[in-house]
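Chain IDs A, B, C and D follow the sequence of writing; residue 1 opens each chain.
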Amino acid sequence: MFKTIISPSISDMNALRHVNNTVIPHWFESARSPLYTLFNPSHDLTYKKWNLILVHMDFNFIKPVYFGYDVEIRTYITKISKSSLTLSQEVWQNGQLRLNGNCVMLYYDYIKQESNLIPDNIRNKLMNHLISSKELEEKNRLEMKNKKENKKEFVESD
Amino acid sequence: MFKTIISPSISDMNALRHVNNTVIPHWFESARSPLYTLFNPSHDLTYKKWNLILVHMDFNFIKPVYFGYDVEIRTYITKISKSSLTLSQEVWQNGQLRLNGNCVMLYYDYIKQESNLIPDNIRNKLMNHLISSKELEEKNRLEMKNKKENKKEFVESD
Amino acid sequence: MFKTIISPSISDMNALRHVNNTVIPHWFESARSPLYTLFNPSHDLTYKKWNLILVHMDFNFIKPVYFGYDVEIRTYITKISKSSLTLSQEVWQNGQLRLNGNCVMLYYDYIKQESNLIPDNIRNKLMNHLISSKELEEKNRLEMKNKKENKKEFVESD
Amino acid sequence: MFKTIISPSISDMNALRHVNNTVIPHWFESARSPLYTLFNPSHDLTYKKWNLILVHMDFNFIKPVYFGYDVEIRTYITKISKSSLTLSQEVWQNGQLRLNGNCVMLYYDYIKQESNLIPDNIRNKLMNHLISSKELEEKNRLEMKNKKENKKEFVESD
């Protein structure tokens, strides 16, 4: 699991004083940086070198994210296929899972415009971060079991 | 169907010279504006009045979106439930479906923090834009049948 | 003058229900697209071809920009130097100048990492859009003279 | 001085593989968070409570910001007036000042739509972070004196 701490910025808040949905893809992109380094240690953003392309992303909004409290982004690898990998990412704030989502990335050759097999040396490193969706769900269920959100902190009356 | 034309901006392009994945949620949000007007004719962004909340969104990246050519965002209503609706949104450029996605919104009371039944007068207006996912797929298949992308326009060699 | 019409999106609004300051640089970037085309007709975003780099930008926030009303972005060229040009850009909404700003761009060689003289064929095209800051100020003063903002539209009480 | 560390994200990079100009206002907004807390300890984003409004911002782009290296945002208060304050903010990467800018914020009553005098208890806290523009320039000159950027890290040839 990769952990990233972010302080919501004023500019992340929408008219209903929640972090806006369009902000989350940026946060998840930032939280994928360690994974990009794993695939591209030289950070070389060229067609010849860069080797990942996003083909899918989804987001489930469970509870609002508020201003004034840090959030923790957790990034898990939940599936490794021949030439693609699936990530599960979560936003936690004040001990509560606020939202989660998945994305699928292809190991990709930008010049030939086709996907490639993920090499073994990278695959082995990815395996260290692998967790099944089921295990992840159970882990989160246990973590939230005894936590209650302090409702008073967030009154939406004006 | 709601149609929105957008010219990709330089600031929408990423290091691989495609429109970046984080831009698309903004484009789709903009393209939902006519729907927000349908639900909130007075555009009153307050807890007492505003009545929609996003609970899910997903995106499938089929082909890259490039700089220098307008894109067309198409927004369809593909499902109307008791207190929620599902939209399908697409990005077309140069006659090709570049990416699509769905989102689910709840008809929502921000003060009580609970969903409500969509009123009939709004439901009736929504029905005018309803199309099933299957019909939409078939419609798109036919539209792209005889169109070929001019590959020469987009050479990713440097 | 280049004119661009934009509908503020829900995701452009901040917690005080104004268009957020961080949105404006995006809008101005979009509104500079015709100028980019003038300098780069082939839209070739490569180090060898692309020839403009931003070195300064500033913004003056005069009145808030609200949701529910289109805005007009006006882009003027207010200065053409040997190897740089200065743009003045404005956001108008409901007949009022809401904010303005300037930016300076260099005609630039990304490979040699140095500025170049603006070629005459481009310079001649730029001249068509040239207006002095003073003329622009006077033009705007006259335009707003007989217009009064309908204050009732925007009550910030909740 | 307030210090904020940010890792540039893939989505912050533009087609020329620099951090895009539109990203910097977001970074500076984030880096102003400690100041917002100083003015608004309860983080209450309502018209009745929130008390700051941005009236000006400017940015000078000195050197590009690249992917793969953390940046340090430094936020100074360079002027405190009766009802406004001026901040100077800088982006440093690899020991080099990459860009800087200023912003002016009013101490503001959103209900009455007018500025107010900054109260003494806040003013006293602000004084701790005050530095003149001249001192800041001299401080930066000394810091960069013996540092040379490793040009080899950033070759813009493809």
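We take it that a residue touches a chain if its C-beta (ideal position, glycine included) is under 8 Å from a C-beta of that chain, and two chains touch if they have at least 3 such contacts.
Keep in mind that what you see is a predicted model, and the values were worked out from it rather than measured.
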Practice item. Since subunit C and subunit D are copies that touch, just let me know if over half of their interface numbering is common to both, same, or not, different. Key: same
Study note, to complete from the structure: Relative to subunit A, largest Cα-centroid distance belongs to chain C
Revision key, fill the gap. Chain centres from averaged Cα atoms put subunit A and subunit C apart, in whole Å, by 35
**Study point:** Separation of subunit C from subunit D, taking each centre as the mean of its C-alpha atoms, in whole Å
**Key:** 22
Exercise for review: Let me have the rounded angstrom distance from the C-alpha centre of subunit A over to the C-alpha centre of subunit D, please.
Suggested key: 27
Study note, to complete from the structure: Where subunit D touches two or more other chains simultaneously, the residues are 10-11, 13, 15, 17, 21-22, 25-26, 29, 45, 47, 67, 158
Check your understanding: Quick one: in the complex, what on subunit B touches subunit D?
Key -> 10-11, 13-15, 17, 20-22, 67, 158
Review point. Taking the complex as given, what residues does subunit A use to touch subunit B?
Key: 15-16, 21-22, 25-26, 29, 45, 47, 50, 53-61, 110-111, 113, 156-158
Revision key, fill the gap. So, in the complex, the side of subunit D touching subunit A is made of residues 7, 9-11, 13, 17, 25-26, 29-30, 32-33, 36-37, 42-43, 45-48, 67-68, 158
